[in-house]
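The structure appears right after this line, and notes come after that.
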Amino acid sequence: MLAFLLATAVMIIRMRNLFAVVMLTGAFSLLTAGLFITLDAVDVAFTEAAVGAGITTVLFLGTLSLTTSREKPATHLPTLPLAVVLITGAALVYGTMDLPGFGDPAAAPHQYVMPEYVSGTETQIGLPNIVTAVLASYRGFDTLGEVGVIFTAGVGVLLLLNGGLGGRARRNGGEGAAPPVSAPTDKRKGPDRA
Amino acid sequence: MIAALKAHLPILLVAVPLFAAPLCALFRHPLFAWTVSMLVTAAAFAGSLCLLAMVMAGGPLSYYLGGWAPPWGIEFRLDAVNAIILVIVAGVGAVTMAYARASVGQEISRAAQPLFYTAMLLCLAGLMGVAATGDAFNLFVFLEISSLSSYVIIAMGAERDKRALTSAYTYLMMGTIGATFYVIGIGLIYTVTGTLNMADMAARIGELEQTRTIPVAFAFILVGLALKLAMYPLHLWLPNAYTYAPTVVTAFLAATSTKVAGYASLRFIYTVFAADFAFEERTLLFLFLPLGLVAMFASSAVAIFQSDVKRLLAYSSIAQVGYMVLGVSYGNVTGLSATILHLFNHALMKGGLFLAVGCVIFRTGSHSIDAFRGLGRQMPWTMAAFVIGGLALIGLPATVGFVSKWYLVLGAFERGWWPVALLIVASSLLAVIYIWRVVEIAYLQPAPAGVAVKEAPLSLLLPCWVLILACVVFGVYADPTVTIAETAAQSLFFDPGAGLPPMDGP
Amino acid sequence: MMMTPELALILSLAIPAIGALGIAVTGARPNLREAVTLLTAGALFAVVLWLLQHHLEGGVATLTVLNLLPNLPIAFTVEPLGLVFALVASGLWIVTSVYSIGYMRGNDEANQTRFYVCFAIALASAVGIAFAGNMLTLFLFYEILTISTYPLVAHKETPEAKAGARIYLGILLTTSILFLLTALIWTWFEAGTLNFRLGGILAGQIEGPAVAILFALYMFGIGKAALLPFHGWLPAAMVAPTPVSALLHAVAVVKAGVFTVLKVAVYIFGVDFLAESGAADWLLWVAAFTLIATSVIAVTKDNLKARLAYSTVSQLAYVTLGVGLATSMGIVGGTMQIVAHALGKITLFMCAGAIYVATHKTEISQMRGLGRLMPFTFGAFLLGSFSIIGLPPTGGAWSKWYLVMGAADTSQLVMIGVLMGSSLLAIAYLIPVVARGFFLPLSDQEDRPQPPGYEISTIRWSEMREAPIWCVVPPCLTAVLSVLVYFAAPTIAAFISPIVGQ
Amino acid sequence: MIDFAQVLSHYNYWVIITLMMTGLYIIVARGNLIKKIVGLNIFQVSVFLFYITISKVAGGTAPILTGDPDTVYSNPLPHVLILTAIVVGVATTALGLALVVRIKEAFGTIEEDDILEIEHALESETEPQA
């Protein structure tokens, strides 16, 4: 499955049709969700499928319908990005060398805080799903923050697309027709200058 | 009642703006939204001052959210370091909010104003959260709240100049990469320590110093935060974002956002990875020292050639971040105090300067250096504020800039790095050049014929002067700020993770 | 209300500051504004006199305001050296104010309110420097002085004025931030204090070449003392109106510079420590070179104010040379030189200004014969020149004398030669001005056939074309004062001798 | 130096790192603003994958209480974190896309190079004669 993921990612790089790219991204998310299930993360898998594969794709498609769906070919050599990526990747590989092996039950996260969550959920919360328990109680504030993030994004999208910025009126020029380039050259003529 | 309020003060500081924000969004009325924001920021400022007093008197405070003890629950930990950061954020927030009434009224359309204030409040809440929390992942969540809202409010500059959009986009890209790097770093640490509480991490990292994971995690967290901090050379998003954002936003973000990122870096460098950690020492010496110096000189030099005053100040900000980085690189208490002092001082002066430029924008509609011609006579109070703020940036005595510079140079002497000391003072001469360019144009060039510019209204001048006067007051009487900064530095330096509650089951 | 020393110290700073405010407020009504200026100047002088008397009675005046940095307060102390400087500055402010009023009105200059406000702030900072109790306080006022005089130098707002002001600010800020601030922090780092203490605070704290380096940082850092190669700001600032030049050269700015040099030598390093460590040896040579080189430049200048400017650079080097000698005689001579040069140079500048107001002439070559039209002005100029050259019966004679004595004490024969040579050069660049004024015919009368019996060397009262009286009386007054200083010199020497351990 | 067992137990990390870097590469190298956001998505999702991998305990089951005291559970904490992170990621994406829409409106293009060109033109237009 990991191999599939890789293949998808590489295809995304190669593709120029943004429409296809977006579809592939959705597929990428779905694949990840599948992986999550095999890794025992059912809640996450569900969320990823719904949010990552679903909502995100819808958002992308919406954007595409408002903008354009072709990507221009790159004009410059990707040497610098490659270098950045390779160095970062190398650093990460180096860093993971000393990580506990995959699925190692003796790894620190499973030894230290986690057992108390398990026992605590039983005795203190009384919910069967530990993830929900931690989410809602132990780390409830993260969840509150999460709500804050969604709210922020909502406000942001509303502001950007609807709220002001000259309002919708300016957008009546039609899709793709950019409003006239108005440089802030001579605002000295404003009423305050009178 | 008071006691309960006091006991829950840490969470209230974050929660009140967070919950007030929807209120603004719900009642779509500009004046209402502003009033709510103003009250909330003023209350947050009062609360943060109160908190600072409590911390200075009684030592670090720990607040368990929902009553769950760390490392299971999320903890807010407050010591002198983040208490002072909270004061900066809330204080500048309150001042800029007072300023916003007139400035936003002119720069942003009425329909968008309520949501704009909502976003401002969210940004404030996020920044306060980052500063207050003691949990590494919780920090990420708050960081994202503040970042997302700052992308939005920067983009609001698009009503005046569409380039605000692209700068917000660039910031979003770099900011998200930074945040993701941060998450990767946290993931690595979590994998080896099993905890997300910063103080707890610190305690458990001690045994793991030799692993290869820790340095890499350190690097990722640092790069992530440095992107937010606009540390040279990861500053590319900053000049445009500051230039095209609405005035209020620029002043607010310049004074708070980079400061909070700076704080978070300090927290990780000193509390989570104790400073005697050998890898870190090398990082400080070989990375921070040169980068700090390069930032100071390169960005100041670039600032000299800017024809846009906001951009000029933006580059100067990057240079000032260089000073902060330099202070950290000393690896001694004096240097660290200098950094913390400069976090505070720079917030005052840059905030004041951007507000002064805002007054000019308000009257002339432009932030090009040309718009400043003859303003010395036409807008005497505004320009006087600009001059004093500029002098503080240069670091002349009786201003806050002097105090930071003093400790920065003193730290260099303590370290025996006298060439660095000379470089610091030399770099402030570059500030003389770029500030004086503006001053000369404002005072010694005749105003363009035929246009009369009035002095900015009081509602703009007052907030601006509050910050500028603070520059002078804390420059002449730096005793309290220095004491706080030194306490903060001591606590960062000598007892990482001190006062951690005993690790029993919940 | 009882006058206490603390109150007097506060007043000495507050009066000019409040004066500045008052001037700003009354800016729209010139007469009232000028009255405020004069009143302020008078009040300040009175307070300083009170402090002098208090000091002579053995009283101690100190004042600690608040901690700028922990353990580093803004503090003030009255001591002889500072008193001398404060007296010179505040006393000459009265004279300059009177003169400025005549000059500014005579020339119908713009921005007069700004001019008087900045002047008052400059005076406040000069007093702050004079009474500073530690190096940090001194530095604080030193920088305020720099900033507050910048608008004065740029007063005319012409491109030349802007360029001159830029150089002025550039050099003064560069040196003070780059060297002086570094020196300050270094001192704090080594000695743990910046308080002025007799015998110095650095003695025993620092040794080896570091002493000389630190001393050099101080000496070059005090850009206002105009030691080569950081003298360029003085000639550049010549674009300013004459009263400003008087302020720069005589009242506050350069005096603040050399005063700081003396302070550093006496209270930071200590004369004995300087002499022992030999850290100041190089200074002698730099000062000597400055002295001679700028005198030579002065001779070549035709513009009167430029000539006077280079003369100032050269005269300031006398003070620095006194410090370089590192003997008590040198310090006494340096202090005397502050007084004498202040009186002498202010006279010369005011005369130059008076000539400009009356005839709009700036070049020496144009000034032939003017002496007969303006006998008082040129008479004052002559006395001022005497003081600069060091001829009796003027104050300058004593300062030069003490310096020569100091040089003799330390067997610096070369320095004696330098001092003598420089006096000769001073004769060469000052006396011709007067001589041309009195003994050559007026330039525009040369071609005209003279009426019979016309003696070119007689003064014709009927043809007098003096500048307005407010421009003429002040230089005459200062000229007389420089003569009086000649007789008061032993008193002054006795007054400051405690600080040099005699 | 690296023994085979370690490679086996760590290869999953490395694949994930490769994925991350693919995402990062798209962000940095590609000029299309939408494509960049796609890259960002891939980058973030790979990080999520990394966290979930950490949480896996060999032989464990999903962290839902079974009532059997001997059950080995996978670690729930990373799951919680990633739930939060997914939402944050989507919020960022939404905001980024909204910006793209606005940029398209304002500049008429969503290619970085074209935008830079337009901005450059604006720059020289507003540049003062000095």
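Letters A, B, C and D mark the chains as written, and numbering starts fresh at 1 in each.
Throughout what follows, a contact is a pair of C-beta atoms (placed from the backbone, for glycine too) under 8 Å apart; a residue touches a chain by one contact, two chains touch by 3 or more.
Predicted model only: the values in this text are computed from it and were never measured.
J.: Show me the overlap between the contact partners of subunit C and those of subunit D.
T.: Chains in contact with subunit C as well as subunit D: B.
J.: Find me the chain with the mean Cα position closest to the mean of all the protein Cα atoms on display.
T.: Taking the mean of all protein C-alpha atoms as reference, the closest chain is B.
J.: Taking the mean of the CA coordinates per chain, how far is subunit A from subunit C in Å?
T.: Here the centre of subunit C sits 69 Å away from the centre of subunit A.
J.: State, to the nearest whole Å, the distance from the C-alpha centre of subunit A to the C-alpha centre of subunit D.
T.: Those two chain centres are 6 Å apart.
J.: Can you check how far apart subunit B and subunit C are, centre to centre, with Cα atoms defining each centre and the answer in Å?
T.: That gives a centre separation of 45 Å.
J.: Would you mind pulling out the distance in Å between where the CA atoms of subunit B average out and where those of subunit D do?
T.: Using C-alpha averages as centres, the distance is 26 Å.
J.: Enumerate the residues of subunit A that touch no fewer than two other chains.
T.: In subunit A, the residues touching two or more other chains are 92, 96-97, 99, 107, 109-110, 113-114, 117, 139, 142, 145-146, 149, 152-153, 156, 160, 165, 181, 183-184.
J.: Mark out which residues of subunit D touch at least two other chains, giving numbers and ranges.
T.: 20, 24, 54, 77-78, 81, 84, 88, 91-92, 95, 99-100, 102, 106-107, 122, 126
J.: At least two partner chains per residue is the criterion; list those residues in subunit C.
T.: none
J.: Name the touching chain pairs, would you?
T.: A-B, A-D, B-C, B-D
J.: Can you list the residues on subunit B that touch subunit D in the complex?
T.: Residues of subunit B touching subunit D: 137, 140-141, 144, 148, 151-152, 155, 158, 162-163, 165-166, 168-169, 172-173, 176-177, 180, 183-184, 187, 190-191, 196, 307, 368-370.
J.: Which residues of subunit D touch subunit B once you look at their complex with the stated criterion?
T.: 20, 24, 27, 33, 36, 40, 43-44, 47, 50-51, 54, 77-78, 81, 84-85, 88, 91-92, 95-96, 99-100, 102-103, 106-107, 115, 119, 122, 126-128, 130
J.: So in the complex, the part of subunit B that touches subunit A is made up of which residues?
T.: 18, 21-22, 25, 65-66, 68, 71-74, 108-113, 115-116, 118-119, 122, 125-126, 129, 137-138, 141-142, 144-145, 148-149, 151-152, 155-156, 158-162, 184, 188, 190-196, 204, 211-213, 215-217, 219-220, 362-366, 371, 448, 451-454, 505-506
J.: Give the list of subunit B residues in touch with subunit C in this complex.
T.: Counting only subunit B, the residues touching subunit C are 391, 394-398, 403, 405-406, 409-410, 413-414, 418, 421-422, 425-426, 428-429, 432, 436, 440, 443-444, 475-479, 482-483, 486.
J.: Which residues of subunit C touch subunit B once you look at their complex with the stated criterion?
T.: 66-70, 74, 136, 139-140, 143-144, 147, 151, 154, 157, 162, 166, 169-170, 173-174, 177-178, 181-182, 185-186, 188-189
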